[in-house]
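Each of the two complexes below includes chain A, the first together with chain B, the second together with chain C.
Let's look at the complex of A and B:
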């Protein structure tokens, strides 16, 4: 990596390699669409919706890394999304209440005093740091505990799901300090900016779009790096990687932490854009919901999860406005059809189509080309022990 | 002392509910490696079977007795359908089965919502199950005792089927060594289907039993599926014994944690205990030793 990675343009420059111009072009197009076209064309309401979708897509980028590339089927990303969101929401509540003030809902349900563990969040710096650090720490501890003991495959999936269930139940149960089922809402300002002002809402959207684009770049760098290669190797043949002297647990923990942080940042931006976070956004059902878009777009590809996630969120919003029950049928059907018959996602259709054309250079493991999507078939195999 | 005993009973009772929910999973996940997220919806189907039967027959006692076997058949039939259409294509992709069956679960929930309506419905418990039996100053609700007994009956029946019948021998043979079993003339396809039928049928029975505990709704299954899977994971795959112990232990833990803290904190504590426990025994309580690396 070059030293000048501090700016986005420099990062983009790194991407220019033979045979990868298409990825760069796609990325550039996405950037222009998100940052320049959408804010002009869309009404403030639609722009807010798109901002929400982008936040959910951040979770999808992380899932694409952990699940598509690392084979970790994590059914509990809602926990990290929720941690980021709740930490941000708590800070906003405290900021709205003013120095030494008490958030409104605590007057209603609680003792009327701010609990001690809320106090550090009064500081914006601490709040922003905790948004990243708390989910990272939880993911690191849990991941390390689970992966070093070689709990994997379905066991890990079930544990992560149980984590989501426990988290949502905990939030509901602690109504005095978390707002319970209602969650936290009614934020007035975001770091001093009035949230009711459309200009600030647009600024928030642009922040979300920028963060998502940075995340995609980070994901790409991770995928093409040595780490990314080992990650795929761990997914496909964990034992062989171990015999080669790597520590699969460390690799898995690392990618799990990255995915957790991405989800948390998505959650933190979700709060000011959407204006509410509640246990209904973080439990078992939304946690699995994050996977739909990833599976449809192509779990092992770079842009598949992002595009799939945005498309699914969009479909969900438009459909559930008109046919609430229709959306659930469609979501179920999408899960069934895509996962059962098209495990590589829609991206694998592109691959199939390209394979029909004359041979072209296929670098194994390069994520920019959706060819990698062909792998997940074998990817999620549990070769040993799953049936014995 | 009384509180201790009543917590003990509450724990055992919760454990028996968990066990009923997890027993079928122990078969389909534990023995076959299929992660069936629609298992909870098969329970829901069993519960609605009881609701429909009660609407037809009227008498709660008779309808309960009819619903139990019928719930088994309904759950089993749904399972068989799922196996024949989707799951048999995916035996080599266990994690993907999880997502596909989640999709099936979503659809089934919505079907229930469209057919029976979103609000919960009630199934009346028969008169001979109302009230409580008082033993030594401790009031034990009859419905809870009935479910406890039902769980015991299901375990015994399942154990008998697995150990004493030729079907059970075939199931165990396929679980232990699929290729050798096939080489000995056992149809692993037919065995898989039957295993899945029994496992899903048990979910149906569990659903009928749940109608005794409260009102039922389309999302009945979701509330049990996570706990049921935790039971199977903690119990270890491949043997029913582990599931029984794990369900009892989880039920007791939940009850005692709940007594000393709150229900929501208890859930989190149980989760922490399970993660800690998997540190000691990653393969669960009881595991079949193999020479594979997994």
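Let's look at the complex of A and C:
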């Protein structure tokens, strides 16, 4: 696993620079590694773990857009991750219970009846639609309300974090209908497919890998589009963008919704792959955890968030297997080092390294590529509102 | 996006081949597997990894899964220590069926999701013969499907809320009829008429309080208040004021962890004492008394099945061995003793079965007994719990808990409270 991951990291680092043919080659390589090589090389357990990391990386792609490109320091992505995950989990529970059946935990702790707001989730189509629509609607309403009032910077960060805390407390308090601290688990099937079957587990991994690759393509499209340029402009000089005739609130809301949907889809796939969702996976701590990988990888780059997120999750699992109680110190130390010395994340190492090489004919000394231009400097790491 | 960027149109061209190649790859990958997918319910759910336990060598692997980091670490580390002590003793005594125990230790990180992940690793990757650990109900619930899907064994050492009996779990802590119900019997004996319930907001307190309410109704007692605080909550002035105003005969406390410190400090500040309104706690053991502060909690009651002060040769040996290994200042508590006992019970089951095979062990489990520090415990093959003696204890000024009342003999486990008429509507 470590070998294939490091190869992956090394090869994909090329992609950070958006040279066209290189991007295509790097992307193709990533696709081959994820979809063809990993399933052959990894044991079912390790493949399942990689699948979980890919789900978390989906959240990171969204954060990379919203925070790295849009300057929205969102400390509450756990809410959207959790909404997607819980909606999926509720559907799986109802599907396991059979038509008209009651999920097992409701028999134990609840009234023994399925509450009305659970009922629509019996339908797979409705469940899939809601996984996307509910988080999108919440993000749209919340984003619009917040951004049109020009709440930004640290205030937005605090607000998003409070939302994550409130969401976790709400889930814990509603034990009869949400499973409380236990969360929801013990799923037997996924849209008719037996979850205990290793073949189906591998299929789920492949779905996750495919969805993540699609998200990276979407993110790249957004970053290189005119929307992406306005987004960076809003991040760097919101007032000037407003004077130019744009509505920064609309731009910010749009990217916030995209990030929310990506987190929700990650959550929805997390549930069948990992087999459990609980308030401990959606509250303040995991919400900040999503950010750590993004910051370490390089929040303003295309692949930095994905690779950073996967690397941090992988390191966390490996370290905790070797040194059961020591990994958390290493993660904290890495975060501090990156924030203090590499505000652009590890991806900025690539840019620095390239700048130091003798300039080639297509690379003048100044960073001309959109990604390099968008890499934040040290001052960027502060929430925008705290800058002068 | 009203103004147009002049460079906008040229860039989009690159992604088309990317999307196309991705689509081809995804379709190829999915269609390759789609044909081999089995529909649910056709009975093909047997896991490929079941039965990978290797017993050919001199040793056999077992897994310890406790939270060594996170909020539960302070409690679960003690269970981990007790398990290690038992493993060392068993290995020194020749092992199990002549094989030395090789311990694979994993950190549950106080998170249910991690417990599920690590349990999967222990069972399918490390191929351990059995796993010992878990503390919170959430961690047990998270691990249960893993052990059932892979048909392997978990030994769970903590008192819990009952209403569960999995083929793949052995519950060596108390179920409700061995801890909560005897505590209520004791209070009834003492003439308690009114109760106030205080608990942390999670499954165990909510279920315990449901049982207490049913018991009270059937036994002419009245629950005059029921309050929940979020896990980790430390501001108890409101709740203590309500307790004081209600003027109940006793308080039944199912708070967990740090909250107990704040609760008992506030309780004393409000002028309440063990003499006029005793608090019966079910989650405070010797380990926690030190953290709460003996001054704050002296004289209050607890309900468990083991105290460090239990007077028996087995317990003397256990306490002495534990202190020799981990230090004179380390107390022993009920969950530690139940964990220590669980490893010996597994050893007895394996030796009775003459095999490490899960099905053989399950078959042999009924009636297996062990002279534990708490007294002789016997496994019930039907519900996989053990018969235990209930002990009500009073916290002394030495920080230890002294038995105040005992059920005299082991109580048969009844996780679904089927033997109690008043509990009819509970499960």
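As a convention for this text, the second predicted complex is superposed on the first by the 341 of 388 C-alpha atoms of A that agree within 3 Å, B and C clash if a C-alpha of one lies under 4 Å from a C-alpha of the other, contacts with A are read in each partner's own complex, and residues count from 1 in each chain.
To be clear about the criterion, a contact is a pair of C-beta atoms (placed from the backbone, for glycine too) under 8 Å apart; a residue touches a chain by one contact, two chains touch by 3 or more.
Keep in mind the model is a prediction, meaning the values are calculated, not measured.
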>> For A:328, using the defined touch cut-off, is the partner it touches chain B, chain C, both, or neither? Pick first, second, both or neither.
In response: both
> Should A:172 be classified as contacting the first partner (chain B), the second (chain C), both, or neither?
Replying inline: both
> Quick one: chain B or chain C, who's touching more of chain A?
Replying inline: C
> Touching A:134 in the superposition: chain B (first), chain C (second), both, neither?
Replying inline: neither
> Counting only touches as set out at the top, which of chain B and chain C does A:336 meet: first, second, both, neither?
Replying inline: first
>> On the A-aligned overlay, A:44 touches which partner chain: chain B = first, chain C = second, or both, or neither?
In response: second
>> Please report the chain A residues shared by its interface with chain B and its interface with chain C.
In response: 169, 172-173, 325, 328
> In the complex formed with chain B, which residues of chain A make contact?
Replying inline: 71, 73, 75, 142, 145-146, 149-155, 157-159, 161-163, 165-167, 169-170, 172-174, 239, 284-285, 288, 291, 295, 325, 328-329, 331-336, 339-340, 343, 377, 380-388
> Along chain C, where are the residues that touch chain A in the complex?
Replying inline: 1-5, 8, 11-12, 14-15, 17-19, 21-22, 25-26, 29-30, 33-34, 36-42, 44-49, 68-69, 73, 105-107, 109-114, 116-117, 120-121, 124-125, 136-138, 141-142, 144-146, 149, 163, 201-203, 206-207, 230-231, 427
> Which of the residues in chain A come into contact with chain C in the complex?
Replying inline: 20, 23-24, 27-28, 31-32, 35-36, 43-46, 48-49, 52, 107-109, 169, 172-173, 175, 180-183, 185-189, 192-194, 196-200, 202-203, 206-207, 209-210, 213-214, 217, 220-221, 224-227, 229-230, 244-246, 274-278, 280-281, 317, 320-321, 324-325, 327-328
> Across the complex, what residues on chain B touch chain A?
Replying inline: 29, 32-33, 35, 86, 89-96, 98-100, 102-107, 109-110, 113-114, 175-178, 222, 226-227, 229-230, 233, 262-265, 267-268, 270-271, 274-275, 278-279, 282, 288, 290, 292-294
